[in-house]
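Right after this note come the structures.
Okay, so chain A shows up in both of these, paired with chain B first and chain C after.
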Partner chain A sequence: MNKNSLIFLLSSVGLIVLPHSANIPPALFGFFSLMLSWRFVCVWRPQYLPTTRILFFLTLLAFALLLSQHRHLLGRDAGTNLFILALGLKLLEIKAERDIYLVTYLAFIVAASLFLYEQSLLIAAYILAVCCALLATLVTINSIQVQTRAALKTAAVIILQAIPMAAIIFILFPRIEAPRWMLFEEKNKAKIGLSDSMEPGSISDLGTSEELVFRVKFTGAIPPPKQRYWRGPVLSYTDGKRWTQLSSQRFEAHTTPPRTTGIAYSYTLLMEAQEKNWVFALELPTQFAKPLAQTGYYQLINLENPTKRAEYQITSYLQYNTQRVTQIEYQDSIQLPREPSDKIKQLVTQLHGFDSKPDAFIQQLLNHFKQEDFHYTLTPPLMEDNPIESFLFTTRRGFCSHYAAAFVYLMRVAHIPARVVTGYQGGEFNTVGNFLEVRQANAHAWAEVWLENQGWVRVDPTAAIAPERIEQQLNLDQLELGGEIFFNASNAKHTNWLKKGLQLWENADYQWQRWVVNYSSNQSNFLSSFGIHDFKTMMQWLMALVGLITVLLSIFLLHQKKKAIDPVLRLYQQFCQKLQPTGLIITSREGAVDFAQRATTALPEHAEMIEEITAAFIQLRYGRVTTRENFIRFAKLVAKFKLNNRRLGWR
Partner chain B sequence: MAGEKPVNDAITLTHRRIFILPTQRGLGMLLLIVLLLLIAFVYNNNLAYLLTFLLASVFFITILHTFKSLAGLVVQAGQCKAVFAGEAAGFDIHIHNPNSNERPHCQIKLTKPHSFTLKPHSKITLTLYSTTQKRGWHSAGTVTVFSTYPLGIFYAWSPLRFNVNALVYPKPSAIELPFPEAPSADTHQGASHKGTDDFYGLQSYQAGDSIKHIHWKAFAKGQGLFSKQYSGASTAAEVWLHYDYAAGHNVEERLSQLSRWVIDAEREQIRYGLVLPNLKLMPSNGLSHYQQCLEALALL
Partner chain C sequence: MQKYTQQLLDSANQIILGKEHKIRLAVCCLLARGHLLIEDIPGVGKTTLAHTLAKLLGLHYQRIQFTSDILPADILGASVFDGKSHEFTFHPGPVFNQMVLADEINRATPKAQSALLEAMEEGQVTIEGKTYPLPKPFFVIATQNPSHQIGTFPLPESQLDRFLMRIELGYPDPKAERALLTGQSRQKLIASLSVQLPPEQLQLMQQSVTKVHTSDALLDYCQAIINFTRESTEYPCGLSPRAGLALLSAAKAWAFLDQRDAVIPEDIQAVLPSVAGHRLRAGHTNSEAIVAPILDKVPAL
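Then we have the complex of A and B:
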């Protein structure tokens, strides 16, 4: 076994397992590292290789380790760990060439298992590079005296040539969901998004993370930033502190469909993996396909597994009229935990809540927020006991959920049906990829009131107190610092190029997620646009394209460039061809002089010419100095040479 | 696989002559691809799918690469020296790479494989040995040029049969018998020294004596340098090596004995003639006579 290829193999195996360090238990990773280092030492000190007995003991130890971590050997985690341990043990038992192949194949499986944990563009590029190194190991053991660099190059060339075909198969290979019995129970790894309840006073529960929640690609017009409300769960029940959802099944059968006007916005929504089955559509979604469904609160939910990234086609209208409400819905929307305090009633009276029209009262209340000493902050003081009253009269500091909760509460006091809507607001537009990115930091809460003839109408009290929050992006550095938020546009200029680069990267990542990672869910859409609808046509195209690529590659690979023939030799061959009709054919063992001798005896009348041509040829081909004139003379001689008609039997 | 008929000319390895099949390792890789496909399917993981398809394409493309490592080579059989039965006959094989791609690892096999590397537009000559058993013409058999480059998952080979034969002389008998007493019952033998062994004594070595005539055994025993003396002094003796007088139960044993005598006679520089049932070679010596005699024995 060549030492070089062994080092090569061990390094690539190490590189394959390295990213797994985050995914597998430390004990197992430690065990594998130990095996790998042991084998590395043995490259130079083969006497330290374990005996069969020690190897058996190590195998038992590995099994014990595995069983201590997992109760069974199926599933993603246990399977990955099993393969990693097997790889580690097999490293210590490389005896023949076939063991190297086994190790390489195991490493490929471990590489594939990494994709079950992470699917970013970076990790894919990394794995591709390491796969190249693994193939290069195979190249080194299949050739004598091939340098490591040359082997890597060969492997890279093979992989590069394989990519077009792999892409074709990837695009056309039919994706079928695995049957349920094949799926192993997995712990839910989805990230926590919006909560299904809201408790404004207790903690600062606004997510400030940059984590991506979904991306939106509009096919036509893009709604203005102020109008980008992504509807999530609707909270209509409150106990005075907490706001929670109520089931919409109690009334949704009686809900009249909303009437829509204005522009229809069609878009593709690419949701990241979620814990909940909520799908955040632009207010108000009207058209959507399975597996989506709409609740009585006009919220879209996914009826299938939400823990996978998925793509949906949705159409929404910004102008809508939801019309009547049912009795139950009305009752739910004016529900209050107890009789409001006098202080609150006094405020509502002061703002003409009881004696003016609902929209007048709404305006009054928003003005109240605007004119009084209310502040928008992400780190408000705690308001444990009576959050709404403390907020309205004492602290007057809060973020969206404080304003939304207080607003809805006061509406209900004035007998106007109102409820809190949570979701996301805004989103950053990626100019490179032409799509909108909505992050966890865009989480928002607003209010919805029901008005006669208008149906449910959105009112965002936060917009009144901090319109910048709605119109611009939050500066997240400031969010981290806490305190009051200032929206400073000049700051953005300094980081423009950085932002551009970031957008570029985000776009690449988006395209990657959309076209590669999430391809299963939009394969049929994509292929339909090419007129490929069914399994049979898919297979036919697959065969045809793979065949085409094979032909192209064969031509590219196997086409041998003919060595350029010396023009002198070519002219001489022409001369020989001219002699051919007389039966004079130069043999491979014959020199030009010998041939000339034969030719002159056979054709005495051409003797002079033949000798002249031969002499010129010898001088040009073997002579020390060859000039352009000589060549031209030779060319003319050959051109002039012509057999006698008699010789050709024309007579 | 016998393949095509034996040929005299150079053979260019083309798609008609190159066969290709996956090796055991290649089948292992297929198994790996199926396993990866299963993982991708169960987890509906598109990156795992991508890796699977990439490996499948690599597998497929390796067919072309392995084929390419042989395609275009020009193989020609060269000279082959005559040998005695039981010795290994060496066949010269010239391999020419007329193309601009390097052949990093090819192998050629007659009885055991040899590896070779060919740079673009270069030639190599290898001698392949094959053990002979019987006298007569020994055919080179099938020369297999093969390669598993680059990944060892495919085995491309080309069985080549050349019209080259090695002449195999009969194996010389191990028993040293004196040359036959009586020449053939030929009536025209009057001129020869009849009934005598040509060797008649030893004499002290004198400058000018042939080295071949030195009695080395005596020299080895420390008895000094002696030259063997043959009757007729200056002219070499003459023997007739007659098929009928050769000891042996069957043809092969007799030929084997004759072969031994031819070797001995040539070594002793005796003029020897050969009489076979169908052929008679007049007494002479020298390399060409020696080869003529042995060839006659080989082909009887």
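Then we have the complex of A and C:
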């Protein structure tokens, strides 16, 4: 093992473990780095290599460290860390060639284990690149004197050649559902999302997060931006400060199904991994498949494991009528913690809340928000006691939750059933991939009012005070600064090409998530569209295609060899083929002279001709002067050469 | 010119029976200006072959019997104090001859071996600050016993590389053996030999050998062989560039012996065992077996 390939191997091992630094405990990562640096030093100072005894104690230490961090050896984290520690220890034990193989294979396992933590396009590209370096190490140690660059090139070619086969196996290999105990522990990685309660103020930090929540791909029409309300949990209980969910099971059974009209929007929803089992469908979802279910609040929930990224097919209608409400639902929706204060009652009276129709009162209230000195801001002042009253009369600054909470509260004071709905509003359209991206920044809260003959109707008080919030995207960069929110009319945060580039990248990532990472759940659908329905046909196709690729590759390789042949040799091969029927076949080690000798002994009657052809061939291929006339003469000789029919007849 | 070589070969074949191919290789080695190493068990005619060639070529010839106590001075010569002139005068050793037969070279200690091998490499001898050129042409034919025999110091790879070819003689076939047993004594026969190829002719031939043509197709084959030895796992290390040059010049001499002015793959195949065998695997004596994988796997055309 020479120094260079050792350095190369150590560096690629270091590169493979590097992304794991975010996943494994610092103590273990430190241990591994120590082992790696130790080995690096030993490249130049071999006398510092540990003895077997020290190595034994290091191994014990590694085990103790591992157990102190995980207390067991099962599961994703402990298993991966075990491999990393073993890799680090094995580095110190490289003595013979087989140790290098072992280290390389361990490194491949560690590289694969990265996918247990992250499946993004970037990490995949990274792992592929590092695997290329590892393969290059294998190439170097398997041949004498190979330049690093040549080895890398060979490794890259090997990877490229493996891609078609890998793609076919990826597409066709049957996916087996992982048993429960193999499911990865992802609890320590809490997902930020909507909370199940709302206390005006609690949603503010959410608004600034660019984290992706879900993507939507519409099959037909796309709803206008103003109508993109993605329904999440409905909060109908309040204690005056907090708004919380109530179980809908008490009235679910009696809820009448909504009547829908207008255009049906069908779409595919790709949810990122969530902590809660909420699925944010466009208002109002009507058709969906298992494992989805709808609560009495028309919210969709996933009955199974929500911690994995999943894809759903949903159809929604923007125009709907939920009709009657049950008694319990009605009671829940006018619930107030205590008798409202006189100041509030006075405001409701002033806006004709008690003496006009509900629609008129809603309009009055929205006008009140619009005309009075109300402002939309993401950094409102704190409102500790009596938040609704201080918001309505003193501070008058807030964001969606404040407006929705105040609106619903005032509705309830006027005995109109109302509730707060949280979810997401809007979403950015990716023109490259034709899909909608909804991020945490799109989190929103609005109100829902029950009206006679119309059922539950959505009212968004935020739209009244800051219509731009609904019609356009927020300029997220400015949100942190506080104060008034400025809406970016042209949305020209980035120059055009940069925006285009970003969209391209988002699209690539979306396609990657959808078609590669999430493929297991799509496999049966995808294959069905090609007429592959059951396991047996799947395996048949798999074997047929793998066989086909093998044949194609071998034809390609054979063909490639033939291409480089010079015309003289090709003519000579024709000559050899003419001799073939007599059983005379030139072997690969035979030169023309040796073959001619064999041929003349076997076919004495052709001896003269064979010798002439051989001499001409030798002259053309190896001789000092090769003229065109000689070549033509040789070509004619070969063309003229013919075996005696008599001889053929005998055989 | 060809007549000389034919006579040379014919005469040699009368002395050493049934070894036409080996004798041809030995002559080929001389034409390519290489030194020759003959490796075999005692008594198969190594010394006789060297002796015969020297006689036929009419070269000044000296034999050095290597023993375990031989010293460099015994080979190179030494300065001896002359009582009359009261000076040290250099008395050249046996190495100052056109043809040197180093018999049983691996019985000497490495120190004595390297004295000879350095002389071979540089074509001159430096003793006590003075440089003495060796005569021209200068050939060394060394013989060695297989290294498994008692009392041998195997030559290291770096020194084996100085020999263009290593050949094994092997036992004669029954027919040749019978002729040998019934025939005259070899010593007498050698003594009666006349010069068949005078040194001036030999030097002319050596000139012509370098001019033998090597086409691109042939160089491709030659490089394919070299690459194969470097990439294959059969050999601990591949052929060096010097070995490649040696292979080519030996093949040229072989083509010349065959009266061709261009090298063909068969020439390379013919000299490959002797040229590459000891360079690829020093310890093994069966050169044919060592290069068999190369010939099998590298296509000749």
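Criterion: the second predicted complex is superposed on the first by the 541 of 651 C-alpha atoms of A that agree within 3 Å, B and C clash if a C-alpha of one lies under 4 Å from a C-alpha of the other, contacts with A are read in each partner's own complex, and residues count from 1 in each chain.
By definition in this document, a residue touches a chain if its C-beta (ideal position, glycine included) is under 8 Å from a C-beta of that chain, and two chains touch if they have at least 3 such contacts.
Since this is a predicted model, take the numbers as computed values, not measurements.
Of the two partner chains, chain C is the only one that A:Y622 touches; chain B does not reach it. Once the two complexes are overlaid on the shared chain, A:Y572 sits against chain C while remaining clear of chain B.
Touched residues of chain A, counted separately for chain B and chain C, are more numerous for B.
Touch criterion met: A:T550 reaches chain B, while chain C stays clear of it. Of the two partner chains placed by the overlay, neither chain B nor chain C lies in contact with A:A639. In the superposition on chain A, A:A221 makes contact with neither chain B nor chain C.
Of the two partner chains placed around the shared chain by superposition, neither chain B nor chain C is touched by A:L67.
Applying the stated contact rule after C-alpha superposition, one finds that A:I263 touches neither chain B nor chain C. In the superposition on the C-alpha atoms of chain A, the part of chain A touched by chain B in one complex and by chain C in the other spans residues 142-145.
Within the complex, the chain A residues that touch chain B are 76, 97-98, 101-102, 105, 108-109, 111-113, 115-116, 119, 124, 127-128, 131, 135, 138-139, 141-146, 150, 154-155, 158-159, 161-163, 165-167, 169-170, 173, 175-178, 182-183, 308, 516-520, 550, 553-554, 557-558, 560-561, 563.
Residue ranges of chain B in contact with chain A, taken from their complex: 24-25, 28-29, 32, 35-36, 39-58, 60-62, 64-65, 67-68, 71-72, 98-101, 104-105, 115, 117, 121, 148-153. Residues of chain A touching chain C in their complex: 142-145, 566, 569, 572, 586, 588-594, 618-619, 621-624. Note for the complex: chain C touches chain A at residues 213-215, 217-218, 230-231, 233, 237-238, 261-266, 269, 295-301.
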